[in-house]
Structure formats: C-alpha cells, structure tokens
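Next, two complexes with chain A in common: one pairs it with chain B, the other with chain C.
== the complex of A and B ==
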C-alpha cells in the first residue's frame, strides 16, 4: 500500500519532524542532562534521595488506586449509558462531561468544605471531626475528575466492539454474565488497559490537587512545584523529575508497544445504538444506581461551587450575596482574553498538524515514521510541570536552545521570555490529541481511496483537498474541541514560562485560591468554566454548521410536507 | 462540502489574525530580543487612551497642590509608551500600580508568583541574558537579599530612601522597604468558643492543651512566613530556650503546610483553630469572615520589610528609577496605605481606618542579614527537631 507522496507533503513532514525534535525531544533530554549535571545538589544527600522515594511511593499509591477506581467506574458508566435503556439517560450523558469544563482547583476546596473537619456533610450532618487532608482527599477528587476521562475513552471502544460475537455467544446459550466476562470484556481489554494507563499518567502528573488537599501527603509532581517555588532548588526538582519520568515512561511504553498492538475491532461496526435487553434486573439496577450516584456527586460538587460563589462566606455563612461577583470587577479582563487566544490558536495548530501527521504516517509511511510517532506522543507521558522545566532549561539559551554551544558572539535570540514559548509548548503538548484522533479515524479509511483518486486522473492538490481533507475533518474537529477545553485550563506546563503581558486566567485563579478568598476563587473559576462552555458551543456550531441548520429546518419542513 | 470547509478554515484564521494582531507573530518575537518592545506593542490602543485620560484628570488636580512625588529621571514625553514588567507576590497592589500609571503615564504589567519562583526566574533570565522583569515589588526581604548577593538587582541611590530607617533598606541601595509584613495569628473564634479555649495572646498560649493538632503553620523550608517566625523566636529567646519552645510548638502542629498562605485558609475553613500567618497590616480577613479574628501576639511578633527593587539588566532603567522614586515618595506611600491598608515604611503618612496602628504592635528586633545568612543551618537544625 505504498503511495506516491506529493512533494509539498514531504516538505511539511520535514518541518513537523524538526518541530518534534526541537520542541519535544530536546526539552525532555535536557531535563535529564540538567538533572544529572548538578553534582552539588542537595538531592544527593541521603535525605534528598529518601524524600524523593517517599514522594514516589505516595504518587504511585494514589495513581494506582485512582486508576483502578476511575477505570472501573468509567466502564460501568460507559456500559450503563451506551448499552441500557432507561429514563433520563440523555441527562446523565450530558452530566458526565461536566469535568471537562470543571472550574479548576476549586473542586478541592469544595471537598474540604464538604468533608473536612468542620465540613458540611462530615461535621454538620454526621457529627464527625476528621481531617480531609491526605491521600483520601486526593484520591476522591482525582477519581471524580478522571472517571469522566475513562468514560469518554471506553465509550469510543464500546461503540466499536463487534456485537455479532456477543450475539453468537448468546445464541449458543451463554448467560449474560458469561457473555460479559468471556466475550465483551476480553474484546475491549486493550482499550480498557489503554484507558487505565492514560488515567494513571494523568494522576501522576496532577500537581495542584495534592498541593491543595494533600496536607503532609505530597506527591512527586506537587513536590516538584514546592521545590522550585519554596526551596528555590530547580536542580533537585529536575532530579526528582527524572524519578517521576521512570514510571510514566514505563506506562507509556506498555501502552504504546504492547497493548495498542492487539486490536479486535471489526472495521465497519457502529454499534452505538445497541441496547441490551436481556440483562438481569438487579444487575441493571445496580449499574444504573452506581452511575447515578457518581453523577450526583459530580453535580453536587459543581452546585456546591456555585453556592460558594453566591454566598457570603463559603463554608461558614451561607447567606446569599453577590459580593464575590462584584469583586470580579477588579479582576483584569486581559488574562481571560489571553487564555482564549492561547487555547484557540494552539488547538488550531496542534489539531491541524496532529491529524495531518497521522495521515502522513499511516498512509504514506515516510522516513523515520516510527521516530516521528514516538516523539509526537511522548508529551502524553511527561507531566506538564516537568515539560515546563524542560523548556525552561533548554530555551534560556540562544537560537532554540542549542546556541549555548555555538554562535556565541551573535546577538542572542532567546525563546524564554517571549510570548511564543507558551504557544509552542501547548502545541507540542496537544499535538498527540490530534494524532490519536487521526489514527482512530484512519482505521476506517481505506488506503486505496487516495490511489483511486490518482487513477481517476485527479492531481495531487485535488486529491488532497477534495478527497483526504474532508475525510479527516471530523478527527480535526474532535481534537480541536478537546485541545481547546484543555488549553483553557492548562497550568502545569506554562506556569514557569508565562510573562507579565500574557498571563492567563488559570494562573489568576491559582493565585486567588492561595490568597484566602475561596468565594472569589469560586466565582472567577466559574466564570472561566462558563466561558469555556460558551466557546466550545460556538466552535461546535461553527464545525457542524450544516447539520445544525438542517436540524433547525427539519420541523419546519415536516410541517410543509404535511 | 469543500467550500463550506474552506469557509470554516478561513473564518477561524481570520478570527485568529484579529485576535493575534495586537501581539506580535511568533517569528517577530523571536527576532526581537528586547522584552520591553514586545510588551509595548502588546498594549492595545484602547488601554492606553484610558490610562491617558485618567492621567490627565489626576495631574490637573495634583498640579494645584504639591504632586507629592518627584523624580529626576522623569520625562513625561519620552516615557508615555513605556511598559514596565513587574514581578510580585500579590495581586492586591494592582490599584497602587494603576495610580502610578495615572500619575506618570508609565504602564505596569505585573505577574504574581511565589517568592522562590521569582528568584528562580530572575536567575534563569540572567543566565539567558534576557531579563523580562524591570522591577520587583512585594515579597520577603530574604529573597531580595539573596538576589542582591547573586548580582540580580540593580543598585539605585534613591533620594527619597534617606527618610527610611536603616533596617528598612539595603545599605547599598539594592532594595528599599515600602511597607511592613507582620506575622500574626488568624484565629477561628467560633471554634475557640465551641471548645472553651483561652483566646491566645502570647506565644506561650499557643501551647495550651486544647490547641493540640489545631495550630496550623507552614513549613519554614518552603515558606518565608514560617522561616521568619522561627528565626525571630530564636533571636529573641536565645538558641537554647528558643529551640525548647519550638519543640513544644511542633507538637501542636498536625502537619506543616507547603505554602505560607495555607494556614489562614485552613483556619477560615475550620480545619485549624489558630494559623500562623503573615499580613501587611490590613484587617480584610476579619472583615470578610465573621468567625475570624486577627491577633498580634502581645509579647512580640516577627516582621519584615516588603521591598521594591530594580532588576539588573532592565532595558527601562530610567522608568524603573521613576517607579522607585514614586513608590518611596509621600504620594506613593499614601496610595499604598490607602488602597492596600498596608503599614507603610514612612512615618509622615496619615494612617487610614481599617489598618492596625504599627505603634501598638510589639515587634521583635530582627536581623535580616543574619536571617538570610543562617538560613541553611537553621533549617537543618529544624529538620532534626521534627518527629521522625
């Protein structure tokens, strides 16, 4: 299936490849070099080592528990919402996406207010006085957020499973339980494992949750942040970063070269509308129950944040007050505009290049395809804050980071301290979303379609623009929306790189969260999540313009016909 | 289909072009290594007109009386397009910066971070040879001292600096204290009543039985508030008695928080009863939270100056000097006192309501240079006193 590769494609591929090497491989390698080149670091005292391993143990314990819980919950949710028929399903399907526009950080504060020593539920309702800080808190908050991610990934797997195998098992007399355990789940195993690993990576790299509710229980990622901001010690941070990279790379390697290779999907099933009617009543009830419980928690947390923004003193005095929204007037508007610009521009570039790269790698197999694929997906395994450190230590030197070694007499062109670096790191981080969306889509596109176009006499440009581009459009849109909502709330990667003139809204919220004004933090965070929602809606309409118009016209048309 | 898609792509790119037109394209930025120019261009025109009009009105009124500030380096015409980049630890000084812009026409963009992050950034930017920040305002004196020693600050012999006490400024002019940061206790009075405890007034009151596990304090290794507190206690009580007291205090604290602002958050949320906190003298926490009272210990408390400094290598040296002159002037200090309710470094300022009178507070005598110099040895000793 080797295709002719048009020369503009080759040129673009070359540019993308260079980008990958410079802005992904180089920073990651830099962290390692920077870390091990620091012989006088405090880290090399036994205490430093000891501490890092305590934090590693914390990180792993949290990540493993969160991974198991979130994946199981995500699986139950996916089955319930995709394979069962019950009233109110549509509402639940919308609710489960809440975490994607969740106001950042304040979820953790809400948890303290609800389940803390003097929390609304634990203390006022149940009369308990228990500390919310520590592992329990981190796990709860992360499970609430990451289950949605697990659900989203598993749903796409469920929609692709071949239902005819299940039917076959059923006709041969297997019970529902047996079908589930011996047919359905094994068929989905690679996707489930892949989901689990992505959840694992997300949990490992989360630094803000442990920082806010970890108490003395800090993880490697949050400790990295403390080492830089509190202890002024970036070299130790880079060294513990290397320790953090090890399990992440291992998970990444497992995912990439072992699990994703096995695939049981049939090429052309779209089983989204399958409803399982034969499930035993109690099992069905239980699954709907668990799903509803989870979503109630999620909604409860959200509403509680709204409550916090609208009352006098969150956690103590629940008298209605608009004071927090009034104090928003003092908030500068510019960070919000910066956030929006950053999220839109990086989503556009990252998704565009990601999807295009997927197309090139999958259908044209250019030189170094394996390397390009590896580099592009690498950021998924590198925790954001560590990637930020990598950029910091690489791009403080002139000419894209390598000028340290040559060109020293020339006037320095340093990326650090420009607005561009924040855009570049976001594009580098989000490109793998586009790449994965592209791969998933191309599973269903026959490679010969391009050859067919050539054989019918279409030119290179025409083939690309009228045959391939429309095919890949949906992957681009999906990836764009995902990158956009991620970009609006991303902090870890950029926190060390932003400059005064392009500070973003999330950073503002992070500062307010620290400044003893949780009600204000709730208000400003809600504003950001509301803004994200509006723009997601706007982009969705833009992308699906035709469908929406059609749907709007539909009832009208019917009337005419009748 | 094709046309629709093209339309969408065009619409997005047109939109992004508009959105990005106020900033430079990445290529231009890379070529342009002076950060001052970059931010200059980033300023939208609407913003500058707004600043201009407000500048006019205030200057008119100020012209009648005494403007309250003066700088030898000020040149209104040459400086009206300058934007100063500033690092600091709090957003609450934004109104002060706005007043500065109104008075001088010089715009200020601030980025709020933690002390250590600022120091780390200045080191990186100095290594890279591209300083981003022009000025650094607010933070702990120890980080300013450390930065001055590493050659990251620019010495300026400010004329207005003469009126400040010696302890409020660097002898070589690397930094000047603008206001005081005071260590105080954030106390949850609802819980004090509920448990029938004695309202703490002295440091020894923190050791009462009922407060076991209820005192919140940050980790001195990562928080300036806690470090200044313990070093002040050691200086006042002497090594032996000081550590004996700290041993007992450590027993009252369930865990040491990562950031200096956490203890106050914990007390407000009811997670602890007393939190060791730092404030600039304002009463905001009390005013916004009915169950909170701020206490200044009767037997003395830790404090440090809240400095302002010029970053070495700034491209806007004259404008930065104007900022220092303005900040240290009567006008600047009065603004700081009025909008931020801060206990300022000058004593010829009228103190607004809602601010603690610094004269009623017992301050520990503190040696900041020694604080900065002994940091590592004190922290090492501290480690050995923690329960293993």
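== the complex of A and C ==
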C-alpha cells in the first residue's frame, strides 16, 4: 500500500535512517573491521586463539543447556497455568509475573548467599569453605531467570492457538497425548523455536552472571569485559566479539526470516478458559509439581534478597540489621538519579522514534525500508557488551568517529567519555522495542484510515496529528514502560562507556556484588527495583490519567444518579 | 445409531445455557438444531460430542448411557464452522489423521483417503496444502476427514456459514446426499431456516436454551406452535388475536375455518391473500378493503404492505409484465381461504 508521504515525514525518516546507520550499523561493522585489521594483538598468539575457543565452548555449552531447560520449563509452566484447572492456580499465575519487577542480579546474589564461600548451604550446613562457582551456578541462575521469558512467549502462543483443531482431533479419537504430539505442539512449533532462539541469545549475551558466580568458568561475553577492563586489549576483544557475533547473528537470522514467516495463528480465536479435563492424573500432578517447584525457587530468590538486605553480615553474623540501607544514605543517592534520568530520557526518545519508524515503514514504505528495519532490529541480536565495544572502537576518534581518517592530530570533540554516548547507545538499543510495539499495533490499523482523512479534506499535518498520532499512542506507552524498566537495569551496553559522573545504580550493584558484599548488593538491588516499580506506576498513571480520574469519579457519580 | 437426549442442562456461573432439553433422534435421521446465536444449539452439539460436560441430564446412544464417556470414545466426527483443518498438514494428512492415530497400515490409509476424497469430489488434491484450498474445498476436506473414521454420528457446527450463497446451496445438497448414502445419524447446527428446511428430516427450533418446537420441516414451517418459531421461520403476518376486533368481518373470516378457542395468535401467509381492484369487487358487507401503504419488489414477487384499519398486513402477488401494479394509497379488495389460516 503506497500512500502520499508528507515531506516532513521524509525529512524525519532521513534523520532516523542516518541515526540507524551511524549508531547501529557503524559500531557493529567497526567491531569486525577493527578485529580483523589488527595482527599485533594477543589474540593471534596460539594461546589467545585457544582461549577464545575455550570461551566459545563455555558460552555454547551454557547457552544450549539453558535454552533446552528454560524452554521446556516454560512450556510446562505455560501448559499448566493456561490449560489446567487446580486449586491455587491463581496464586501461581500471579507469582510467575514476579520477574517483571526483577531486581538486577537477583539470581546471582541469592546463589552467592546460598552456595558462596560463606553460603548458607555450603558453609553453614555442610561446613565447606570451597568455592562451588562455575558452570552449574551460571546454568542455575540463567534457567531461573530465562524460564520466565520463555513462559511469557509461549503463553501468548498458547492463547492464540485455535482450540477447534484440538477438538477436531479429539472427536476423531485421538487421545490427549496424541492431540498434544500431533496437533498442539506442531502448531506451536514456530513459536517454541522462536522462544528457544531468544533464550539462546539472552544466555549468550549475559556477561554478568559468569563474572559474578562463574569463578574460572568464563564465557565469551564475560571474557570481553575482562579483556577490556583488565587487559585493556581492545583488539582481542574485538576478535572474540566476532566469534560471539556469529552464533548470535545466526539465531537472529533464523528467528527473523524463517520462523516468523510460518505462523499458523489466526487473530480471531479466543481461547481463554480451556481446560483439559481428560489428562491422566499422574501427568497432571507432575506438571503442577514442576511448576510449583520452579515458582518456589523463584520466590526463594526474592526471599533471600530480602533476608540478605536485613542481615548484619551474611555468612558471619546473622542478626537483624538495617545497616545496609543506612549506608545507602547520602553519597550514594546520585547513581539512582542518574539511572532514572537515563531510563526516562532514552525511553522517551527510543519509543517515540521506534513507533514513528514503524508507522513510516509499514504504511509509507519509504526507500531502504528493509534496510531501516534490519538496522533498527539489529541491536536485538548483538550482545549488549559487544555493542558497547563497538561504540568504544568507533567513537574514540574526533567528530563522532569519522575524524579518525583525517583529523588524527585533533583530540577534541571525542564522543567517548561524554555523558551523551550512554544516552545514544541506550536509544539505539531500545528503539526496536518501539518498532515492534508499533508493528503490532499497525496490524490492526487499516492503511485506508489515512486516505479516509485526506478524502474528507484534512491536510497532511492535521491527518497526522489528529488521526495517526492518537492511534499510535498506546504503542508508544507500552514501549515506553518496557524501555523504562529495561533502562533502569541495563548494564552490558553501557558499562564500558560510563564515566564516574554519570554512574548508574545497576553498576553500583555490580561492583558491590563482585566484591562479595552480598548484603549491600541486596539492599541496593531491592531499592532499585522498588524505585523502578514506583516510577513505572507513576508513568502508568500519567499515561492513563483520564481513565484513572474517570474510575475515581465513578463511585461518586453513581451516588448522584441514585 | 439413535440418540436420546434426556433432560440435558448446562449452567455457566449461574447462567442457564440449556434448560432440560429432551430430544430423540432416529437412526439415520438428520436433525437440524435451528436458532439465533446464543440459543444454546452449539452448546448442545458439543455436549453430544463429549467436548463439553453437561451440568445435568443424560445422553444415550442406542441403549448405552454415554454421558460420562470422553470424546475419543464416542465416535462422533464433527465438522467445524471454521473447518478446523490442521494447517501444518496436507489434505491427505488431514483426511488420513483419524486412521493414522489408529495405527492403520499406510497403504490402507492411502486407499481410504482416495475413496473418501472421491466421495467429496476432491480427487487428486492429496498433496495440496490447506492454505491453497478455496473455502468450498476446505469444507469438503473437513467433511472427508470426518467421514473417513466411519463415525456412528456426524455433527455439523454451522459448517456452511463462511461460504457464499451459491456455494452454500450446492454444499448443503452434497452433505445431504452423502449423509443419506452413508446412513449416518447426523445433527446439523444452523441459524439459517432455509438451510434447515432443505437439509433436515426434523428441525428443533431453539431459543434461550429451550427447544420451542421439534417436528418435521413442513410442520415447523406451516404450523408453528409459537410466535418465536413463526417469526424465525420467516413469516410476516403473525397477528395476535387480542389485537383484532372480534365483531369485524375480517375476524369472522379469519376464524371461519377453525375455532380460536384457546389460541392466541394466527398466521396468514402473504401468498394466500388475493388482491383485486376495489371497483370490480362485489360490494357486499363481507368484502374486505385495504389501502396500499407501500410496495416492495422481491425478485419475481411484489410484496404489498396494506392497512386494514389499524392492522398491518402483507400480501404477495406474482409479478407479470401484463399485470398493472397497485399504487400507494389505492384501495384494494382482499380475499383468502379460511383454510390457509393457522391458529396457535
């Protein structure tokens, strides 16, 4: 569908496109060039090369195990909570939403508190002082965290499946197991595979968990951090980065161009209250058991975070104390303000441009639309820390990076080391959230409504502001809330770019966790997620102001009418 | 197989979707469940198939109480409104599904698929994907998939409502032909009264979870037992007796054939009313006059709306080029046979 494109639209599209090329494409390409153009790096020693492949093996082993476990658990959870009737289902359904207010590093902190050198289980119960850090810890923590992601994605797929297909199979005599294997699962296969790929990407990108509880077991992503901050070897980092990029790009490519094309779902099926009543009892019991066990672990994490924050010194002195919160007073309030500023500003810009870009690409199909879409979604495939390294190698040079080629003697206007770069990278990273929200919304908006407005005599400006903008509002709000909560806890992309004056709260937690002060870390993490929740609520009220006022007024109105 | 529905009821959180339904369906019969959306017809169909559990009552197939049986055991194949074909399988895989889950040998499945595809006139479409089929072909494939399991009972849930008018007519004839040649007892849910009359041996008219009339199509159409059925079957001249002045010539003529005692309404089909010019009609006290209020062309029929005092009446006359039409406001004489009146 081709529509007349107003010229301001074209101008803004041009600016957004430049931004995409400059702040997404260029940094990613730079990593590759920077990596292969250097021959004097440590990487090319046999040992460097070997190390990288050990890390790749670690990354892949963890990612594959985590992907399988988290996807299977997510499937079990989704089926249990959406397709079975049992007592206490409501409680479980509410609990499974907990990761939405996930304090950062909650899994790692809890793991240290339980299994660390002075952990509750390893030291207090078993009397060990060994360090059980390593692969098992990373897998445990990632599975706990990523199962929630898998559950959410698969739930939306389950809710969209056409129930009459399963009923058809049943009326033909297929048993419940047969129905599941021959109809339900094959129908959901694209979505399940898509979920697995996203879990895989998330696991590959996670650099903080291996750093905190991996011990000597480091992955590619965590090793990147060590190479930059410890060895200052940016070239080796860029080379390892390329190795990390390959599997990630492959997963991303499979997801974007293969799976999303073969979806079987129709829009008009409503299947909210489906219950399998003929499921074998032991199977049902097992599924409920597994779900409950997972949620108990999830809940346990939070419990230990709270306990840790309120204990004098975990591992040594288990008396109640508010010391961890008191130590937060005064000097350490600045990172929280920085976090809030960063999350708000980037959510605003990223969501605004993302949703607008979706509108332009979907309804106006401008030139290079496919390229723009690809660039904007690329950050979803690039692990945050690697994206940060891309910025590091690109924007070290004057005039936003291009100065490298002819202004080498001039050290001024270097983007790196300013506050702006952190904002820019977050906008670049979060824009695809807005883009996807916009696409999802525009699925239900017919291109002709714009034409209808023109046909009724409205000008281009009026059409955009009074017809299209109100339509896109809800996508913007959804994207803003999502970007904001992500922005409050984002670390990978910005950790290498941040300067002391705009230190953020997550970074604070990260530093504290690494130095093994789990009580302090727990206190800050709790505070941060509490703060995120409050501001999310605040923004939610702001966006739905009219609704909220209406609802508040409603009871009074009724009285007047009566 | 005969079906006995005994006092079946279904409640949803205090809302009664079905109120103690009793029906008996003979072996080899096709019953149409007819009613507006939300009347409970699909709920009843699903209870018979075992996809839904009734709140109360019993379902019997022949001499067996199957109320507690699960769907899989009942051998009731269902044809769904949205076809419910498996999108990840080809036509052959869809149709052969019911046999494959019984672990029949591949060659047998293949042979039976070919046979049943021929029956529904889809021969040679075995390898086609579901997405490449037209609406009518999807419907045939869905029917083939239901037939291949040799079900004891065939259930149709508004199977033709997604097709256009012409295709609907030819498909319903085909469904009827196949149902009669196989002799499978069938239940057919629809909201289209013409479809129900065309296809069914018996019609059960439903509204608000109750069966209002259960009879042969002719009886349901010509002798409705209640206002809802009369209206739903498409009748227009449904007159409440209380609205008619009992001293009038019109009333006397209406009730000349049958005693109105104990009846509340009467039905006067518009095609039974004969119109003549007021001038040529014999002008005695028994002649009825009415004024033309409007007229409407429905294909080859002209439908006049007449005012007879305060009563609105519709009269149909066949359109012919040689016939002159009555103009608005013109007075006409009306006549009808008292035998054409149905009192209820």
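The rule is simple: the second predicted complex is superposed on the first by the 441 of 562 C-alpha atoms of A that agree within 3 Å, B and C clash if a C-alpha of one lies under 4 Å from a C-alpha of the other, contacts with A are read in each partner's own complex, and residues count from 1 in each chain.
By our rule, a residue touches a chain if its C-beta (ideal position, glycine included) is under 8 Å from a C-beta of that chain, and two chains touch if they have at least 3 such contacts.
Model, not experiment: these values are computed from the prediction.
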First (chain B), second (chain C), both or neither touched by A:164: second
Partner chain(s) touched by A:425 [first = chain B, second = chain C, both, neither]: neither
Touched partner set for A:78, first chain B, second chain C, both or neither: neither
Chain B versus chain C as contact partner of A:175, first or second or both or neither: second
Touch count on chain A, higher of chain B and chain C: B
First (chain B), second (chain C), both or neither touched by A:469: first
Partner chain(s) touched by A:199 [first = chain B, second = chain C, both, neither]: neither
Shared chain A contacts, counted only where both chain B and chain C touch the same residue: none
Sites on chain C touched by chain A in the complex: 49-51, 53, 70-78, 80-82, 84-88, 97-98, 101-102, 145-146, 149, 155
Touch list for chain A against partner chain C, complex: 162, 164-165, 167-175, 178, 182-183, 186-187, 189, 264, 266, 277-278
For the chain A and chain B complex, residues of the former touching the latter: 47, 109, 112-113, 116-118, 123, 131-133, 211, 215-216, 218, 222, 226, 228-232, 234, 313, 315-317, 330, 332, 340-341, 344-345, 348, 392, 396-398, 411-420, 423-424, 465-466, 469-470, 473, 496, 498-503, 507-508, 511-512, 514-518, 542-543, 545-546
Chain B - residues contacting chain A, complex: 1-2, 4-5, 8, 11-13, 15-16, 19-20, 23-24, 26, 29-33, 35, 38-39, 42, 83, 85-87, 90-92, 94-95, 109-117, 119-121, 124-125, 127-133, 143, 146, 190-191, 219, 221-223, 254-259, 261, 264-265, 268-271, 285, 288-291, 383
